[in-house]
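Both of the next two complexes hold subunit A, though its partner changes from subunit B to subunit C.
Right after this comes the complex of A and B.
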């Protein structure tokens, strides 16, 4: 009997035989159809251990899940799935699957630091949430989030343009990454004032930081360094 | 004041401290103990470390036991108080020993310090204690820790441990609507002791509320998370199943993150069984004619103002006979009861209170 399409994704280890005869008995059909468990069957303690061993995430072990961080959170109003308390809880239990499901929320912190200042146990919430997100990125569990993509674009243009951002390059890159959309009409509206004020010159050829050739290697060296806790 | 005598029933922390104090005051003491040794439940179940200071139980109990042994107390071991006759200014107590022999003693006052018993988790059949291997109670684990034999039925230390709080406490299905007060602290302490012995073990505590009250908050609850990474999962486990290789599979609910059911295997499960009055103290209460309060513990004449006086003149209470208590609280009450008994036998001081006469609301289950 064919299996309905609806049930296929929850069935594993399927054996289908059109014609099987064992010991003279006809056994053709569909066999070994088990339901995949959809329960939480275990927690991975290594997630907590790894995050607690980073500089940013060291205070994760202090959290007692009171929810002060989340109740005052700036981001929560805009994204009901954004909950630092929950991220910390899931990370400590090692519930990776739930964290992966929250990947569209976990990167949204605006670093207002209300959570960190109000935490009654001294958890550096903002840093801990970042370290949880870094853990997910490091292990390739989540796709690169728009925040990180933008950060990289920003840094790239700064390094390319002598220590300053280039609005033109960054705008172009952002548009390419899908963060901004600009119509021809928008460009035409902007062009008028830019030409009139003479700012167009800066836009086309931005000024560079003084002695950029000396500063650049220092920055590049600093970006290579990875901080490890003692 | 020559010839004043006080009967102390029970030689746990409360009974021992009361006896020692009365001897220091020069009062004769008759001590009755059901077991063949002094020290009460902490000795009987071989308690390991005591919270919150994490010091060996013997460090606290042995000086008390030695003090009583060397103070010239008339001690009846393996004996119980069979009956008490009120003689107006004192009591005649009949003490029955193991062989059934009855001895009568005349005393001026009585301190009942016969303590508690741990809840028997077999009464919560769905937890499978006594049926499924590798399910223990905190009272069993204390002995395993103090004897350094923390192993599963396979003979190896457990790598995954679950502790379930409030077994037999805060549970109307077994008639216990109160909090047993110490199990949170004991469980947290045991989790730390397990992590000390098996550093790579995963220890999860399933809780509804964590009540490491007072000065224990940071010493136990915070410390267990910061230094030992003990996991706390809010939610009461509903049942245990026997898994492959003698594992225990829990069926629970993570009430903090409501997305899926928990079906998790563990090598060892510990039930934090609570405190009850126990048959021993019930027999004592019956023999002495003491009243019980709505949770089944012995009722003091006034729980706030006169916590160590019973509702019957001349009989004092100390320790867990009046409700769940820590060892240090029991020792304190032993001293308090000794002082009250001393005032009573020397000066006849007996404070009255009409609290016990007032109607007490019975807890609705």
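Right after this comes the complex of A and C.
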């Protein structure tokens, strides 16, 4: 079948038949190759609507799919499936299935903000990607990923005292959650300069906001509120 | 002493977790440098965590209210600008300002919760600045140069700004104001370091990400990103990596052994906060500038200037 080898990877979903008869006439040569129908059906407009109605995701509608975000993306270098442009496209089409298939990539944004900064249309890409991910989490479509586990641990640690995060509390919590971050040897090496400079006592004490007992319930109440971009 | 031009008015420092914790050496050296240069700032007392890059992903309101309370505290001190030394804090405070400006109803909601907490409503009158910008726009490189007692001639340094120092422009206003740095290729720290006599090497990874938010949860990626920063610095012949981001500083320092094991021993390089190097050049001893507290032992390079 004379399809040039160079073009083969470009043409996906090709059907080739040995014998094709159209209107009683047998086709030969290259005319027996057909593309599989690629029309997308089953658009779910509610995905776009819901994301566009969050504070973070409101700018999703501004995207014109130029790909500036993705061409400079930090994560794309390490994960070829990571593409903010595609995430936005799929979310707007409401293609949940494809987004679910990308669940091992979509959480890996390192928030370097290159995309948000460079977007010519003013899409807050980093926020939108997190918003899409949050949509998937909220509807139970994807399994919890390490990034979200850590984010939740962080919030829990903040809620304990309100003040500055204690590295020890957070480190302990993340070790418990299974993020093995430091070997005993690393810890021992770290301890030397910390003890010498007396920094260790600052690390031990998390600071507590004075009226945290009064502030915490207000914060918890606020966290239950659904906010819209208005 | 001549009058120092201060375009910012009263400046409040938001220390955040880093400056009161693992980044103590940053805090101490910033105080030394500010005192030497005669520029003043006041610390925000009883502040709370800014939520960093994590809380905002879990809950929208928590991600806005936590920074908003700090901004309200700064206004109650009568400040006109909030300085953060940590780009992460700088980012989340600026982000809150951006969303509160953009969505008036959201602003009302945040303000009503602030009142419930017993704080004043935030009146949106603050400018967020980073410590580098603060020094650059007040005394500037000339003012720094005038204070140098220990010129660091021949010291090759690579300035690492981190991603959030200047990005995104919508939040940090870089590129929109004369007093802000270039968003993609910042130069303010370069010029401050040149004023010390040091040689600033060309450095491609100036604003590259160190994988900070995923330093626990996506270890392979963050190691890779950190190794690239060190590689670029080494390739250009730097002896020291100068940081202004406690998040990146701590992440690279604590991962140094793993990076060296995985990507080669020659990547080992000492890290110094830019204020530490300033304090050292101003004649303070390594102990005063807490240079001895850095895990990566910068004194191995700096001892020739003692």
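What we mean here is this: the second predicted complex is superposed on the first by the 149 of 230 C-alpha atoms of A that agree within 3 Å, B and C clash if a C-alpha of one lies under 4 Å from a C-alpha of the other, contacts with A are read in each partner's own complex, and residues count from 1 in each chain.
We adopt the following convention: a residue touches a chain if its C-beta (ideal position, glycine included) is under 8 Å from a C-beta of that chain, and two chains touch if they have at least 3 such contacts.
From a predicted model like this one, the values you see are computed outputs, not experimental measurements.
In the superposed model, A:40 lies in contact with subunit B only, and not with subunit C.
In the superposed model, A:61 makes contact with subunit B only, not with subunit C.
Subunit A has more of its residues touched by C than by the other of subunit B and subunit C. In the superposition on chain A, A:123 contacts neither subunit B nor subunit C. By the touch criterion defined above, A:166 lies against subunit C but remains apart from subunit B after alignment on the C-alpha atoms of chain A. By the touch criterion stated above, A:142 is placed in contact with neither subunit B nor subunit C. In the superposition on chain A, the residues of subunit A contacted by subunit B and by subunit C do not overlap at all.
Across the interface of their complex, subunit A is touched by residues 202, 204, 221-222, 225-227, 229, 231-234, 254, 256-257, 259-265 of subunit B. Every residue of subunit A that touches subunit C in the complex is listed here, in rising order: 54-56, 74-75, 78-79, 108, 110-114, 116-117, 122, 124, 126, 130, 133-134, 145-152, 154-155, 158, 162-167, 174, 179, 181-182, 185-186, 189-190, 193-194, 196-197, 199, 202-203, 207, 209-211, 214-215, 218-219, 221-223, 225, 227-230. Residues 37-43, 45, 48-49, 52, 61-65, 86, 89-90, 92-93, 95, 98, 101, 121 of subunit A are the ones touching subunit B in the complex. Against subunit A, in their complex, subunit C makes its touches with residues 15-17, 20-22, 24-25, 46-49, 51-62, 64-66, 69, 91, 99, 102-106, 109, 113, 116-118, 163-164, 167-170, 183-184, 208-209, 211-219, 221-222, 224-225, 254, 257, 290, 292-295, 297.
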